[in-house]
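Lettered A, B, C and D in written order, each chain numbered from 1.
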Amino acid sequence: MMAFTACSNSAPDPGVRVGLITPGSIADAAWNSGAYAGLQRIRDSLGLAISHVEARTPAEQDEALRAYASQGYDLVFAHGFEFQGAAERVSAQYPTTAIVVTSGSRTQGNVSPLIFKLEDASYLAGMVAGGLTRSGILGFVGGIELPPIKAAYEGWVNGARAVNPKIQTREIYLNSFDDAAAGREAALALVRIGVDMFHHNADAAALGLFQAAKESPGVYVFGANADQSSLAPERVPGSAVIDLPRALLLVAKAVKAGSFTPKVEVFGLASGVVRYEPNPALAALVPPALEERVRAAADSIAAGTLVPAARPASMQARKREAPRALSSALALDAAQSHRGHGGRRSTPVMVASSEFSAPLW
Amino acid sequence: MTAPPVLALRGIRKRFGSVQALRGADFTLAPRELHALLGENGAGKTTLMQVAYGLVRPESGEIAINGVVRTIASPRAARRLGVGMVHQHFTAVPALTVAENVALAAGWKVRQGLLRERVREFAEGAGLPLDPSARAGDLSVALLQRLEIVKALASDARILLLDEPTAVLAPGEAADLLRVVRGFTVRGGAAVLITHKLDEALAAADRVTVLRRGAVVFEGAVAGQSAKSLASAMIGDEEGGEARRPRTANRGRDGTVAEVELHDVAIRLEDLEVPRETGYGLAVRGASLSIRRGEIVGIAAVEGNGQRELLRAVAGRLQPLRGRREIAEPVAFVPEDRTTEGLIPGFTLTQNVVLGSRADDPWIRRGRIDWRLARSRTAILLEEYGVVAPGPDTFASALSGGNQQKVVLARELARRPRVVVAENPTRGLDIRAAEAVQARLRGAASDGAAVLIYSSDLDEVLALAHRVLVAARGKLLEVPADATRAQIGQLMVTGGR
Amino acid sequence: MTDSLVLLSGFLAAAVRVATPLLLAATGETVTERAGVMNLGLEGIMLGGALAATLGATAAGPWAGLAVAVLVGMLLAALFAAVAIGARADQIIAGTALTLGAVGLTGTIYRQAYGIGGAGLALPTLAPLPIPGLSQIPLLGPALFDQPMPTYLALLALPLVWWVLFRTRTGLALRATGEGAAMARAAGVRTGLVRTVATVVGGGFAGLAGASLVLAQVGTFAERMTAGRGYVAIAIVVLGRWHPLGVAVASLLFGAATALQYVFQSLGLDVPYQLFLMLPYGLTLLALAGAVGRARAPADLGKA
Amino acid sequence: MAARTPLLAILLGLAVLAGGLQLAGYDAAAALTSLWRGAFGSWYAFSSATLVRAVPLIVVGLGIALAFRGGALNIGAEGQFYAGAIAATWVGLHVAGRPAVVAVTAVLVAALLAGAAWVLVPIWLKLRFGVLEVISTLLLNFVAESLVSLVVQGPLQEAQGIYPQSDPIAEVARLPLLPGTRLHAGLALALIGAAALWYVVARTLWGFRLSAVGAGPRAAEISGRIDARRVTAVALLGSGAVAGLAGGIEVSGVSYALFQNLSPGYGFTAIAVALLARLHPLGVVAAGMLFGALEAGAGAMQREAGVPAVTVYVVEAVVIMVVLLADTGARRAVGARVAA
């Protein structure tokens, strides 16, 4: 209960210091709390000194990064894509601090992104949902239309279509990660038009979505970011999980060992950091045949033969002009995978490696 | 007389900051008595009555009601003891209806239909009929005054404290009101009448108490007193006898007027129509008027007959709908309400003088204000107009009403205006302050300004003006030079019909 | 045909659900503002009520949560009253400060009480209570008579507040205080007391509004979960012309606009969702301009 | 008196904080030490944390002081700030290759105009329909937030069309930094702005009329022959422009790009700043710095002592309340003398 009264003062090994900057409250039971749990694990299992700060605006984020860097922290987790620009500016000035931007975009100096392909897991969740749905309409509730969230949505849709090409999908964005009542209202609006399977990416605001599912017979929610089956055990068939603590710990270990080099770290299904976590309580719900297909898809994704959502090309669909700084190989991948998910289960796209070491875009 | 006084105040002392408002004042009110309380502004009359009504807590002294010593901590407590007060400033809530205002004061039950009927009956029974559904904010001043008294009577007041109730009434209305008060005492009540008008006190009251600087200087039966004797009690010996200029004597074309050049017209109105300030309907209907330089024209009217709008149209504060309006510049305007329209209480005196600034004022230089110059000019004005204030940096709110009015006049007249418009310029002022203000207005006229004034005190109009007009239902009526006071009062009420 | 009827009925029910916390807070603020006090701390009080409801319900069930929320709302409002009425300090600053403090306090206490795992959805909540018969009425039945208790409380409070304001001596004294405090004082009204009570009552309503978010809707607490509803409630009081009936209409209008926003988004139209998010606020502005622009605020509103 | 009160308030606020922290099981002494270090502990902390945070509070605070002085209750500075930020970003993306002076000026002027434009709707609603500006400006805050969200995912989205943020504005459009710090020239603008507003209010006829309308609208109209409606409208317009400018300064001096979460609620905190300063432009500078220091210190307190940042809101609230109480008490003491 008093878990967060952690202090840096008590750390036994003052040699290596790790900082975490979150863009929101660490009590959101999702994105930010996961990172904080990782930070605690770094202290507990590696014995490193830790520190955390919440920074909601670009100005605060810039300031927090500089504060850690100027105090000589060895590793700073900047928890969100929005830190990328500030991290690059700060790193130019303080090259000795390793700055890891979760969901970041590229390496530069000592800045490296940590990319979680949540869409890998969302794809599997989508397959289950596609198999379970009676109405054939799937719903998605997002906080703000951020790239990782958009990618997760695409994975979810593609997974469902892989099982049932006639699936329809609906999405609602709340413009808030706090407004749980809005999350519930959005969910209920979707339930009214027949949605019976939900996925989300709205952190604390999604709590309302779970509540709505609890109240609506026959409606199920697939959790996101963390294993959320405990929120509504009878209504959450599974969750698309990012094991943030594990990922953060991996990075910190490398830093402590001195083996850390800046590179794009991508965590997909293969890494075990991103995974689809079924809820054992509802295991009976999923027919064995479907379960088998899901398992096979998971293997293909882990092996790299199946791309759940085309990153990043699909995200550019709304943009008029052609992408400028995109490597041609990735553009090809994207184009092919896009074709591959129209419902026709055509040749899965080959991807060289699940762990990119070159800049993603 | 064996019955104890219904109200006895003994040795009341009260200090506001550095000012000793009451220094051991005594006052007794006998049963069935109408008792006039006289004194200059700041003498402590209102404060003394506020002590009796629980609005002001005295430092020392005691209050006895019907012979029993009481602590009156609030108006609520006062009303429980049968004390009601009619304030100088109206206390009806403008947004509420007449019925609601009465219920609020009297603690009556709020059942709309029943309440309206009850208030209607009560008001008629008291001889002060009112429309219970009207919003208090829409009532004329006379009706508001009436509402104040109905409120007090409805609260079962046995002791009525009236703070200058006739100040805003036409003569006929004032007489009506005093008759109602007399009726109240005849039915067993007792009333205190605070007033400036000595003849009113002499005519209406049984007994009189005079306060000067917070202490009682005279108390006794009205019988045997004269305006002169009361005035010397109020003012002290140094200026005895000059209580008020002899009324009506200098009205008309007396010597002073003849010396003024009468050919230069400074105000000319032709067939002017002015909307009501509220925006709906006409307040002034086809008014024509010329005023020459050096002439003082007084408007006599019952509240709400368009005189306010007429004056504001002349002063350029209100846009007429139709008609011709030729007014010489600059225009000085003395609005009726000093604290909301004439001055900004939270501003210093210097700032309030600058408030009326125009581009040609010496302290304005290309949009900049030279505060040092403004300040020194203000200091000179304060001196010149005899304003009692620590200095030009004093906040306007710290001044007494009379001194505030002098500041307004100083500001407005300093520009050597060719037209002066003044609404109720001496309302609420004591005799000396009123005289000073009137002298300034006369001075402005003899310096060549055309002066247009309105006063709800007919006596003041008669005392100041060379020529009197009556405003009734938006029309202007000429008053014959030989008209008597009673005839003018009649004209004000009937509008000549 | 019946399908669209079901959808419409669902939409109306959603409008009432969205409107409920707004209606509760705005009804309370109507009482407060009628007494001449503008409480910009409403947002903070709602947040406090929400957390209090969470703690109370965790400890002793939803009804206790409701009660604790009302108490905490009144307590926070009393704090505001002590500063803004007792000490006659500026109401706008005091309200801003209260909201600021409440955001900090609720965040701190919530993390102390539940850690980073949060309160979860284990909270006992208030399920909808369909009123037999009435809830079967087509269209309006589910909207008005198949709702959780706070909605009924809001609907019951409306005529009650109207009656108190316009048909009792207390209400008369309260309105007089808001329209002319000096005059009300002269009439023997203890205006300081009236304003304090009106503010505290308003705080109780705001606490209830916060509790309704937690207990009747979300089932848990989240930091900053009120998301500006307190401010919207103040706008609704103006839109409703400081009259309980008007406030009810305005709340429903806003609730309907918000519910419509979700409907539009769920249609999957190729329109940026942000345009829909603006809808309720744009409509409110239009309504202010059109129907109620010249509404007159209580004359002494906001004056110390 | 006037200077001592805020100091006492701060001390009391900190005492409340210390007590609360001790109760909650933190090391209060360590927390307060880091609070101090984070705000004033070093030149870097003061310049790069405290002052950088103070700039938007001061500029928005000046705008609010302008509006409130003229009798306009502008609660919509948050929205005007965003409007200014949008315009500044748009211009900042299109001025590459121009001289820096031209570019920065263009960016800031655009912000100014956008802020003013955002407040035109409330002005029009007020003059035409009598809609209270308190409500219309408040509602437009919500609209502005959605608008920012719209443009960072639409016309102003970064080139790749992925992130809900704009591309960085051109180098030439950025405000110069004080070497070795994050402090940008926006502070100079804030100080010049405060001095200018002070001059206007204290020395010019227009500024005097503004204050007159705020202090006594009836008297200003009747005795001052001032068109109070117009003055209030102009004050509101100017206030919107200044709040918009603050948005431009934030983009051009700190964030270099448009983000959805650019403001942590400057528009609301600045109300407290302006009112604590009693609407005095120079006081706004002091109050803005106080709040900047508190928030900067809060960051350090969280980093070094693990105290949640939200806790500092409580301190801010206590400081505001205490200053308010002391201030009101002082005014009442004067008032008692005045009444006599």
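Simple rule for what comes next: a contact is a pair of C-beta atoms (placed from the backbone, for glycine too) under 8 Å apart; a residue touches a chain by one contact, two chains touch by 3 or more.
In this text, all values refer to a predicted model and were calculated from it rather than measured experimentally.
Touching subunit B and subunit C at once are the following chains: D. Comparing mean CA positions across the assembly, the chain most remote from subunit D is B.
One simple way to say how far apart two chains are is to compare their mean CA positions; for subunit C and subunit D this gives 28 Å. If you average the Cα atoms of subunit A and of subunit D, the two centres end up 35 Å apart.
Note on chain placement: the centre of subunit B and the centre of subunit D lie 47 Å apart, centres being C-alpha means. Centroids built from CA atoms put subunit B at 77 Å from subunit A.
Annotation for subunit B: no residues touch two or more other chains. Annotation for subunit D: residues 24, 146, 149, 153, 308, 310 touch two or more other chains.
Under the contact definition stated at the top, the residues of subunit C that touch 2 or more other chains are 107, 111-112, 223, 274, 277.
Of all possible chain pairs, the ones that touch are A-C, A-D, B-C, B-D, C-D. Across the complex, subunit C is touched by residues 20, 24, 73, 121, 125, 128-132, 134-136, 138-140, 142-143, 146-147, 149-150, 153-154, 268-269, 271-272, 275-276, 308, 310-318, 320-321, 324-325, 327-329, 332 of subunit D. Those residues of subunit C that touch subunit A in the shared complex are 6-7, 10-11, 14, 17-18, 21, 107, 110-118, 120-121, 125, 127, 213, 217-220, 222-225, 227, 258-259, 262-263, 265-268, 273-274, 277.
Against subunit D, in their complex, subunit B makes its touches with residues 16-19, 21, 316-317, 333, 335, 337, 340-347, 351, 354-357, 364, 367-369, 371, 395, 397-398, 408, 411. Residue ranges of subunit C in contact with subunit B, taken from their complex: 166-169, 171-173, 175-176, 179-180, 182-190, 296, 298-299. By the touch criterion stated above, subunit A contacts subunit D in their complex at residues 2, 4-9, 19, 23, 25, 51-60, 62-64, 66-68, 70, 81-82, 85, 105, 144-147, 175, 312, 315-316, 318-319, 323-326, 361.
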